[in-house]
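Quick one: the structure is below, and I'll ask about it shortly.
Labels run A, B, C, D and E following the written order; every chain starts at residue 1.
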Amino acid sequence: MTRSSLDPEQSRPEKSDPEQSRPEAILEVRNIGKSYGSVRALQGVSAAVGPGEVLCVLGDNGAGKSTFIKILSGAHRHSEGTLLAFGVERRFEHPREALDLGIATVYQDLAVVPLMPVWRNFFLGSELSRGRGPLRRLDVAGMRSTTKHELARMGIDLRDVDQPIGTLSGGERQSVAIARAVHFGAKVVILDEPTSALGVKQAGVVLSYIARARDRGLGVVFITHNPHHAYPVGDRFLLLQRGTSVGDFAKSAITIDEMTALMAGGAELEALAHELERP
Amino acid sequence: MTRSSLDPEQSRPEKSDPEQSRPEAILEVRNIGKSYGSVRALQGVSAAVGPGEVLCVLGDNGAGKSTFIKILSGAHRHSEGTLLAFGVERRFEHPREALDLGIATVYQDLAVVPLMPVWRNFFLGSELSRGRGPLRRLDVAGMRSTTKHELARMGIDLRDVDQPIGTLSGGERQSVAIARAVHFGAKVVILDEPTSALGVKQAGVVLSYIARARDRGLGVVFITHNPHHAYPVGDRFLLLQRGTSVGDFAKSAITIDEMTALMAGGAELEALAHELERP
Amino acid sequence: MTVAVGAEIDERPTRAHPLLTVLRRPEVGALVAAVAIFLFFSLSTQAFLTPAGISTWLYSASLFGIMAVAVALLMIGGEFDLSAGAMTGTTGLIVGVVTTQWGLNIWLALVLALVVALSIGAGNAWVVMKTGLPSFIVTLATFFILQGCNLALTKLITGSVAIQGMGSVPGFDQVKVFFGSSFPFLGMDVKISIVWWIALTALATWVLLRTRPGNWIFAVGGQVTSSRQVGVPVLKVKLGLFMTTAGAGWLVGMLQLFDVSTVQATTGVGQEFIYIICAVVGGCLLTGGYGSAIGAALGALIYGMTLQGIVFAQWDNNWLKAFLGGMLLLAVLVNLLVRRQSGVRA
Amino acid sequence: MTVAVGAEIDERPTRAHPLLTVLRRPEVGALVAAVAIFLFFSLSTQAFLTPAGISTWLYSASLFGIMAVAVALLMIGGEFDLSAGAMTGTTGLIVGVVTTQWGLNIWLALVLALVVALSIGAGNAWVVMKTGLPSFIVTLATFFILQGCNLALTKLITGSVAIQGMGSVPGFDQVKVFFGSSFPFLGMDVKISIVWWIALTALATWVLLRTRPGNWIFAVGGQVTSSRQVGVPVLKVKLGLFMTTAGAGWLVGMLQLFDVSTVQATTGVGQEFIYIICAVVGGCLLTGGYGSAIGAALGALIYGMTLQGIVFAQWDNNWLKAFLGGMLLLAVLVNLLVRRQSGVRA
Amino acid sequence: GCTATESGAGGATAPGEQVTIAVVTHGTAGDSFWDVVKSGAEQAGTDLGATVTYQGDGDPVKQSQLIEAAVAAQPDGLVVSMANPDGVKSAVEKAVAAGIPVITINSGLEKSLEFGAQTHVGQSEYIAGQGAGEQLAEADVSNVICIIHEAGNSGLEERCKGAADTIGATVSNVQVDVANLADAQNTIKSKLLADPSIDAVLTLQTGVAVAASQAIDEAQSPATLATFDVSADVTRLIQDGKMLFAVDQQPYSQGYLPVTFLTLQKRNGDVVGGGLPVYSGPGFVTKQNAAQVAKFAENGTR
């Protein structure tokens, strides 16, 4: 197979952007690992993402992708290895700490509160206030208009930002979550499978947001099952399998077909293609 | 664009399987429609599926795919049009009625009860009994071994069919649901986005189950967002957009690229491809 | 071709010790707590382990237990019934009023009370299912209504708040054989209600674990939409559960009536929470879909032992409630601990 | 490039009448029910609309209302507090005991009682958050423990089950100005607790709708993991909510103590459900994440009007509970209907 | 045998044998009347060097269970109140059959001997109610409300019934919740406002009496107030002229006397009463004797 030509060690020194070097990485993990009780969900994974760069994380179900980003975003603490944010070693105790550093995460379950209005969800945890002392209050008008404006910038025209976010379609909810991350001056946006439940069109919209965030100079960590979604926007590709890293490739070092083949089951899928035909 | 060459009316008379005619369809809908209060989720959709045939339903988020299959499976009643099962007009009042006719459905949310053991979930609603009169009781041993056996036939080797199904991975749960539908002598299996949350490998496994069910002579209605999943197994393709049918194509009448292009947003996605590139 | 999806999961470490299967049962925590409390009172008091002592706390536990088992089934099915306590009073009062005041045949009176109870249970189910309101609120309303009717109607018809002269109703002694008698066993004077309790716990366990309706009870409590989708008759199951609870209320009402041959308008008020407590201590989740009948019976046993054990220990009864509160907290914590140890998420 | 995801949804028919926005508020159902009950008793009884009558039912509503508003906040935040009723007794008893028995300065006694209340609230929150046990069970245990301690400690210290001679404690009249006084207003004799009630309802509404903690309360009740993920300090919010409820218990305890100038060991027992009922009638969901403070206040108003209206109407008092049950059912049904009409899913 | 003298610390020097007396009443924990009964019984125990256990539950089934649990511990004597005599019949008879001397207290006088009890101390709530009714009738009232603070409590119902049967005026019952005195006060006020012809209020509990007195003030009603039971606040109200009288069933002696009798019986073979009941009341506290009662009430013994 093409495996040897894709040796991770070999491809590591490659850069998608030559003027940018690892020390400038916004987020970097070295040999990171995580166990849930007796289950080792992740071990010995290293990766980094810099500004204006898109790191794609690919892997099977249960490969540890969500675990990986939960460590980056402070939702879980890692049990091995080191995590560097802006070159400084960190151990997040609470998602708040990561957020305060500009690490914004769009979770697989979107982290929205279905019964709350769109604008309240948009600003949840980072509400705008006006006034001072006991008169300090939410800047409702400001938040409403900012939400409307930010969503419009993303190409979403909601009639009513007061409707509960639970009434939006999956794609719209996804977009709100991404717009939120971008708006709060995030340095890195982490997205966990934002496209899996989306139609072709909606997935395209989300990909375009990712490209836009990248063009604004944000770092993006993008998790997906779908090589067809990852390849167009990704700069680097981290492949996970059963909790360990299979490789970390620059875009120039791998083609979409090689990537598909390398993902666990790629080989089986080819074999399968015959079987799917009518006997 | 290629639109005119793909005129649905033109392609309708085409058959993927010439020796099989519509009157033999297991399930058929004519001009079916459904409103939720003031929301028209579906209108004027016609389609049919025969034995040994795979009907793929594709469409955007909110296009009405889930609504469509909820009508077929008796979970919702249609508000317009006619539904024929085995040539007889029906109006299902309860999923039970559809089930009793051999219409088995694997829902998007899988319809499993997370806290219950795998084997109880497998047989839920169709439990095996032994004994008679007041001594009539569940055939626990029988259900356990059948579950183990049926799952093994699908290539899933569970150590313990007594573990709560909530502890299985997404792909495994999906497989249990499909194995259940196949086991209960279904004539039609309806699958709502079984592959969206799955990795490449797991998705391949599910596709192979679909092919296997088809080869056993079952009709399959397969809903997906992903043309790459639909095309290899599908015989006919029903494209929905905002609740109406865009077309119903035989496999011979359409290529995968045409299908992708035809799906809502296909055109936009092409435009997008440029944008995704670095500026 | 066999794509071994399961195979890759096998790699991850897991334990599947047979003991663990036992430890994962919902009632294990309650069993541990029950044994602890049994030992505590056996060692610290004289009377607790005497035949007379045992029959006393068993009797106390049995009356709570019958209801707790029914309430546990209902809770596993995802619903509450706060009218369960008042129901024991309602049924007793109906039998009392129609026999002592209107001279109805006592057997007919029993049937009448049962029919009324089942209708109220069915009514609860109907309102809950039709409106989608939480059963907590619907049955709270039923509770208030029953409580009010118990008092007002009894007062209206009999002129007092308790039924008198029940013992001299013709046929009373025949019925008492079934509901109010006791028999000697191993030196104990065993009340018939203990037999009812054990029989019903066994029956409920059998239904839950070995019949189709039992499977459905777990299903509707665990995930009601999924159950509906696979063809479980949700409405019938819930109807059955509410009627079972009401029926158990009738049974307890009769057991009490024929034991003491009187019933008061306030009978049963405030007991509804004890049933829920017993079920929760016995491992039922408040959110439904998980629990066991034996667990609820053990919960009732814990409650009965504590209640009478405090009497045997001659503690000041002013502290009773505080003890019960502490015991409840302790029992649920033990339960939690046992379940955490065995790796079950609560 | 603008991919108009929103545009396609616009096509589907929807109504967005401004009236609908108002009708979608959680408290609308309660408002409709409150107006109906107000009209009913105004028309059917003489005394209900007299100044003296109004001040009576307003006072009754205010005592339930203060707690109902606090309990509603807690319920919106996804938790229950069944110890809220007993807490009103505990705080009153503490003040009573330390002033009448130990001669402590009355202001200090107030502060002491508040500190104890807040600690108990914090304790509830701590146990709930650390163990993950449902607050229903944890606070039920607290309720029992408080109930037991109220009785046993009061008896132990004072030798009786009620506080006597509170009125002659030095400084009583000064404190009474804040908690037990009344003032004339539009011909009514308005109790100060009504002012507290209105002020707290306004404050709670302000907090809920216009401050960050309010936003967080909705969030932790609606989806606790999501809230944690976006950085909401879940523990602090729940801690604050349990302490608010305990603080409200203290306030109501003081209002009662300085109004009737005596307090008994059983004070507050059984009231916890009335608070929950008021909150639910006012539109709060039992499952959390939805509700309003004004709604809870309206729920209390409905309860207060019904309670006193029945007396004004001179109906047979034995039916009281039955009326209340019927009223509860009616109110939640009206609520449901109004919300269904406006297209909000309950 | 010897007389009961002052018992030393720990009762080690108690004369005669160790005596255990079980008291099981139908009073719920925290009920102010039964709390005084309990105090009386416990004081008798302390005074005589006897061990006294006290339990109570208003539900006849539960009360029966408590009696049976007490009997299982084989006490030297049993004291039972019988609000609903049928309800505890079999439990009492079991105790008698087990050879335990039983004395009934408070209510249940009619059935006391029939069930095998030696004697009865106190008198029924109904008779006490009749006493209150006679006193109120002397005050020439025509429209009375009787405040029931615990719905369905048979003792309270009996008190109101007794009053109603002798008073010769309209008596209507009003239900309030003793757990919420502020609201009880409010409800009484509502009743007074709704029916200005009410000219007497009869309460059945001391806390409610205090609340009712304030309700009468606030409603500016001319109604006369009377109550059952005595407390320091109640004697103060009587002294201030805000209350006409308080019915004193002397619950303390209902607890103290039977414990004394049973202890004597164990230690000295005395069977007191001779098959006749011992009446413990009712006494009436009025302006004349209020000051004298007040200091006992302070101790929680009246």
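Note that in this section a contact is a pair of C-beta atoms (placed from the backbone, for glycine too) under 8 Å apart; a residue touches a chain by one contact, two chains touch by 3 or more.
Fair warning: this is a prediction, and the values are worked out from it, not measured in the lab.
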Chain hops separating chain E from chain A, counting only touching neighbours
2
Top of the farthest list for chain A, CA-centroid basis, is E
State the chain with the largest centre-to-centre distance from chain D, centres being mean CA positions.
B
Counting only Cα atoms for the centres, state how far chain B is from chain E in Å.
74
Roughly how far is chain C from chain D, centre to centre by C-alpha average, rounded to an integer in Å?
31
Please work out the Cα centroid separation of chain A and chain C, and write it as a whole number of Å.
50
Where the CA atoms of chain B average out and where those of chain D average out, how many Å apart are those spots?
50
For chain D, residues contacting two or more additional chains:
1, 3, 9, 14, 151, 155, 270, 318, 320-321
Taking each residue of chain B in turn, which ones touch at least two of the other chains?
60, 62, 169, 171, 201-202, 204, 208, 265, 268, 272, 275
Chain E residues counted as touching two or more neighbouring chains
29-30, 151
Residues of chain E touching chain C in their complex?
29-30, 51, 53-56, 58-61, 64-66, 68-74, 84, 86-90, 151-154, 157, 161
Residue ranges of chain C touching chain D (in the complex, touch as defined):
127, 131-134, 136-138, 140-149, 151-152, 155-156, 270, 273, 277, 280, 286-287, 316, 318-326, 328-329, 332-333, 336, 346
Using the touch rule from the top, collect the residues of chain C that touch chain B in their complex.
1-7, 9-10, 14, 16, 21, 206, 209-212, 214-216, 218-219, 222-223, 225-233, 289-290
Flag every residue of chain D that touches chain E in the complex, lowest number first.
45-47, 50, 52-53, 56-57, 59-60, 63-64, 85, 89, 150-151, 155, 158-162, 164-165, 167, 189, 255-256, 259-271, 307-308, 311-314, 317-318, 320-321
Show me the residue ranges of chain B that touch chain C in the complex, using the header's touch definition.
73, 75, 94-96, 99-100, 105, 107, 109-116, 120, 123-127, 129, 136-138, 140, 151, 155-160, 162, 169, 171-172, 175, 201-202, 204-205, 208
